[in-house]
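Letters A, B, C and D name the chains as they come in the text, with residue numbers starting at 1 for each one.
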Amino acid sequence: MENKTVQILKAKRRALWRQRFMENWRVFMRNPLGRIGMSLLVMFGLMAVCSYIPPMIDPMYHPMTGVDPKVVSSVGPSWQHWLGTDFMGRDIFSQLLAGARVAFLVGVSAAFMSVVLGTAVGMTAGYMGRFTDTALMRLADMIMVLPTLLVVLMLAALFGQLSIWMIVLMIALFRWPGVSRIIRAQTLSLKQRPFIDAARVSGASHLRIIFRHIMPNVLPLAFLYMTFRVTSAIVIEAGLAFLGFGDPGTVSWGMMLQWVWKTGYMFQAPYWLLPPGICISLITLSFYMLGRAMDEVLDPRLRDETQAG
Amino acid sequence: MRKYVLKRLAQVMVILFCILTILFVLFRLAPGDPVTRMVDPEMTPEESQHLIEQLGLDQPIWKQYLIYLKNCSTGEFGYSIHYGEPVAKVIWEKLPNTILLFTTAVLLSAMVGISWGKIAAWRKGKATDLGMTIAALVTHTLFLPWLALLLVWIFAYQLDWFPITGMVSDEVWLDPDAGFFTKAADVLYHMVLPLTTLFLIHFGSYLLVMRSSMLDTLKEDYILLARAKGLTERDIRNKHAAPNAWLPVVTSVGLSLAFSINGGALTETVFSWPGIGRELVFAVSQNDYPLAQASFMLISTVVLLSNVVVDVLYAYLDPRIRY
Amino acid sequence: MRKRGKLVARHYKFACFTCKVAAAALLAVFLLGLAPASQAASNGMLKVGVLQDPKSLNLWLATDAWSSRVLGMIYQPLFVREPKDSKLVPWLAAGEPVYDPGKMTYTLKLRAAKWSDGTDFTAEDVVFTGNMIKEFRIPRQSSKWSFIDKIVAVDKHTVRFELKRPKAIFLTRTLVTPIVQKKQWAKLVAEARKSGKPLSALLRESADHPVGTGPFMLEQWKKGVFVYMKANPYFFGKGQTIEGYKMGPYIKGIIFKVFGTADAAVLALRKGSIDFYWNSIQPGYLKQLQDDPEVKLFVSKKSGLYYLGFNLRKAPFDDMALRQAVATIIDKDFIVKRILGGYGEVLYSVIPPGNTFYYNPDVPKYGHGMSNDQRVKKAYEILKAAGYTWEVPPVNAQGQVQKAKVIRLPDGDPMKEFTILTPPADYDPHRAMSGQLIQEWLRAIGMPAVSRPMAFGALIQKVKGQHDFDCFILGYGKLSLDPGYMRSFFHSRMNKTNGWNMSGYESAAYDAMATESNNAMDPKLRREMIMELQNMVMTAVPYVPLYNPTIIEGVRVDRFTGWVQMLNGIGNIWSFCDIKPK
Amino acid sequence: MALLTVENLGIGYQTAKGLLKAVDGVNFSLEPGRSLGLVGESGCGKTTIGMALMGLLPPNGRITEGRIVLDGVEISTLPEDELRKVRWNEVAMIFQAAMNALNPVKRISAQIMEAIQTHRPDMDDDAALLRVEGLFNLVGLPLERLHDFPHQYSGGMKQRAIIAMALALNPKLVIADEPTTALDVIVQDQILKETKQLQSQFNIGIIFISHDISIVADVCHDIGVMYAGQLVESGPAEEVFFNSQHPYTQALVSSFPTLAGPKTKLAPIPGEPPNLTGTIPGCRFCDRCPKDTASCKLDHPKWQQVGPGHHVLCDHC
């Protein structure tokens, strides 16, 4: 009997949740920025998925090691090579597809890690207060003002070539302070709310309060910040690769730009110079648009404004 | 106010000390031994041993740390492996170039971004607003090195309007008749493309921040009061809305400075602009560790100090804040 | 509301106006900038494009290619290599050294040259240079002088070297050391001696006004922009004929323009703002340069050696069969064709073919002229004969090549994953890419190879300092023409921390012959021994020589003529002494 | 001649859900030197009327019908340029949230001088400053605080500064929109007294907008009670307050404690005002009205005179 009540309650909550989600989704999709960003991302997602196809058709299309035996230097677009080949006869289109995969991998994983870290630090600082708060926020201030690209460059100088996962880790390690500040502010305001007091009075442990009461309320915000972190992670990785400190075993868009720049084909192979740059810029733009659209979903103040205007 | 500035400067010192210590620790933790990083790898064993002793790399760690701190505090970062000159000398030569390019770019893009953001907010929802917002979004998210390459390809290679790289041309500097203005003009001429790159990337973010801040401000009561007072729309916008909308922009300039510095290094590298960012990239690729470390420290110091400046500026602009 | 629109329009117009003013200002600046450029069309000045500044003007510190480009015009050695056969010919020396086998002394006559400050070049300068190198143990130089007991100035233009033991590199390495002026350096040396760390003090002397005997002297250096050199009126060669070249210089001076990036330099060459781009041009630029009638390309051989090295100290690379199999499986033609864009030659010996006198064309050539399948089959045969087994062999029962899986060593253990260390792609894309390719080829026969680019310093430390590696790809861009390195690279005495024998190859027979060859004063005898040494190395394959790139250099044909092509390109002292304005 | 005449005023806001009629068919007039209090719940349209009088409706709002005549000039059709000259010069405003009505980054003196100099371009800085000093004396602000920034003032001082600003150009009409809401009772009382005094001193017409009928009754000569965009009862202050006829006014009176009046139980008004988009056929208050009859829902109520100058919009009074 009781069980049933619980089930009904749960079902109700789920229904409510679904309704809220659908409403948010509607708001999101009503926003032109959200729509454009989303469709661009779907396109890049498709590219990433399709990147597994070319090497299966022919090892010649492997982005890193496949070369066209008939081509010895960069040639323009043709039927075999839709975007031409690079300096040693590798297919640029396959590289572009593989680059999408790397961009998603780097962007999403670095953003996820930095947001998890930032949320954890922000919640801890906000909830614990006092010395912990001061110490963590001073640390955040310190890391925040460091130019991440140059920091990673510096580490590359010390540790030699960094693998792609090291790069992801480094980006995550140096991009969390922004998130943690926001989350801390949010936590601080949540802490003042009566339901936290109520939970504390009823004997909930700190961990329980953090995980059951505070976290669900800060997660949407954290999620929003993730989209912005994705863009910065992608841009930093691309910048690093462009400067020649990327993971040489990975074909990323930044790496492609570095090749076209360093091998001297820059002035005569627009088919090679343009696509990777357009892709990086577009994927950044789409995540950025997504973030702004989500901003509106999460901040009803902005939503009303768009309705009226 | 003075107390606040002093406090902030003390914080900067502490942060710099932390960074220095972390660099020192990392330097020891990194694979390979520190000596390799300080000594030219292509020497014969006897030669390099000789050099190690002479450079004092055979001391115990704690002593090395003390020496290191002492050197850093006096701005003596040792000798560049590549140039064989004191690192400080190498870097001081590049610093003005970076400051010239970077400050001009930041100021220019802030000025244009802010004034356009003002207009965009004022004309919210109109074609002007839409056009400006889209332009800002697009240029802001362009991949900087690619934009730089593109500008080089179009304006330097195809159209041949501007030099591809560098900061001055030898013709001008070897010409005995060239006066100060000719030389300045030459530098400006070389600066056009890198400046355009940085400008395009940055003005968008200022525009967007200013626009949203301005929209917030326009909802305030004092705007209504100003209108009720019978002020012209232009005065309302420029004398009442803008000075308030400015404030968040100033904060965002400070916070985005670190990010802009990344772009600065990339721009300098693509355009061979002889600045610190390029020197850092170069030092890293040459394994010139002392040089890389010092460039990094200098950049960090500049960023930290600029943040202090921004905070002080904020206090100056906002009378509500007094330290 | 309508009014507001109007007002904004006015403001917008103001913004537009501001933009127009800015654009006009930029245009004005642009015109101003252009004016002096067209005006200062230099006359009789050779403009040379380089990528970087000299790192220093201190001769003993400036070991990089960019510094030596500038300093090579100033500081001159006693002997230089002539263009045709790369033989050593007297330069500051007046003739061949006279050897006294009994006393082990060389006596050398010097030319009556002058320093660029007008003072005489004398035997004292030579003595001073040699003693300084020995005293301070100057890096890279001291090993060439350490076997010399005493240097004596017999008279003003005669110098006598007293050797501790016979040494073949005396003629080939010692005598090509640049000579510095006693007058200028004596002060610096005295200062350096006073400090606690004489060598570093000496290396840190800025020496910004070098005095030399060469055809050009430094006039002005604006860092990051140009180095301006004027013809040296006291140059000893002026008007004389050396090796059939009537010496100039016929040009007023050289301006080295620093570009920073290759694209800028190549464009400058095409636009005519430089006459010569003194660096090897990447294949990507060649097409546009070939189409340009104003530009002429020189393709020259280089004395370079790029190779894959094994760590013979550990399994499985202690097995000669395995090394031979690896040498077989590597498609060197592919590397040269694809990665070097065809601009290079395949190497089969550790001495490049360009070194015609010492090169041995008859060493074992692994995988020479084979197709990919043949290569796999051959490597498979070698490995199978040595006792290696596979889960899935690279060649199936029908003799067809297939993807191999899990190779087992003769003792039955599966081969562990191993790494091929390469320099990072930004340092040298060719080696990094070669590493990638070799990794793939090795995987085709089941070897679990991983190519890992690593910062150059760390790589050297691991390979040379700690001997903690499996394989590596390194190389020498300008390998000395004297084969003295055959001993340093493979002699067991050099198999030590920071020693040159990085692979750890040890063979008593090799050691004996290598030492003997280095002490052999008879070139013919030495040549025979070097031939045999190459054979021994290529049988044991501690190194797999990969390729030797060619140098492609571009000059403009409209203003100057008379470039002298030799090994390592047209950027050589002969060219600069010989080119004439059109 | 009346200083201000509002005839059949209708104001609508364009929203996503259609035209929202915030003000519908409002008539009133104001003689010089008199004061009229507009009372009602938030959202009843009283602030909208205030804004319309200044010509400051937000971009999506417009006057749909009727007219506003100020001193013989119809300001509802005046072009923006002319309107700007009218603002502050003839109609000044004391704002609802005085705390936020002052620009935080400008000095008080500068803000008042700006108001003066905008309309008196020939006045130099010294003269303007002199005028501001006079105003400070008038409203009882210490002169040494002349050049302070708003955040350095207390709430009451800010309000006084706003009043000083409103008086700067000797306007004929001042619209005071909830001028004392954010202040504590004592300061509120002080300021109201002073306002009253200033009004009679300078013979200014005041439109006093408030949700608190007791304050309005205390300060103003006349009261207009608004409900859902309509004026529902109007008349002399004491008439309306002590002899209220409209059920809404009665409810309003009894929902505020009065210091002077008899002790009664405070009665909250149940229910909410109707949605103002679309047309409402009958009486707008009928859903919450205790006297509600069937006919109320169907027909528009008519104005009835219930006393000297006291009118009420209700069929049952």
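One rule holds for everything that comes next: a contact is a pair of C-beta atoms (placed from the backbone, for glycine too) under 8 Å apart; a residue touches a chain by one contact, two chains touch by 3 or more.
No experiment lies behind these values; they were computed from the predicted model shown.
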{"item": "Identity of the most central chain, Cα criterion", "value": "B"}
{"item": "Selected pair, greater C-beta contact count between B-C and B-D", "value": "B-C"}
{"item": "Distance between the centres, which are taken as Cα means, of subunit D and subunit B, whole angstrom", "value": "54"}
{"item": "Whole-Å gap between the CA centroids of subunit B and subunit C", "value": "36"}
{"item": "Averaged-CA centre spacing for the pair subunit C and subunit A, given as whole angstrom", "value": "44"}
{"item": "Approximate Å spacing (C-alpha centroids) for the pair subunit A, subunit B", "value": "24"}
{"item": "Subunit B residues counted as touching two or more neighbouring chains", "value": "30-32, 37, 152, 157, 232, 270, 285, 287, 289"}
{"item": "Per-residue multi-chain contacts in subunit C, two or more chains", "value": "3-4, 263, 267, 424, 426, 455, 458"}
{"item": "Parts of subunit B lying in touch with subunit D, wherever the complex brings them together", "value": "220-222, 224-232, 235, 239-240, 243-244, 317-320"}
{"item": "Contact footprint of subunit B on subunit D as seen in their complex", "value": "54, 56, 84-89, 92-93, 95-97, 100-106, 114-115, 118-119, 149, 151, 165"}
{"item": "Subunit C contact footprint on subunit A (complex, rising order)", "value": "64-65, 67, 72-74, 87-89, 156-157, 159-161, 243-245, 248-249, 258-259, 261-269"}
{"item": "Complex contacts: residues of subunit C adjacent to subunit A", "value": "262-263, 266-267, 281-285, 287-288, 337-339, 341-342, 424-426, 429, 432-433, 436-437, 440, 451-455, 458-459"}
{"item": "Subunit B-facing residues of subunit A, complex", "value": "141-142, 144-151, 153-160, 178, 231-232, 235-236, 238-239, 242-245, 254, 257, 261, 266-267, 270, 273, 276-277, 280-281, 284-285, 288-289, 305, 309"}
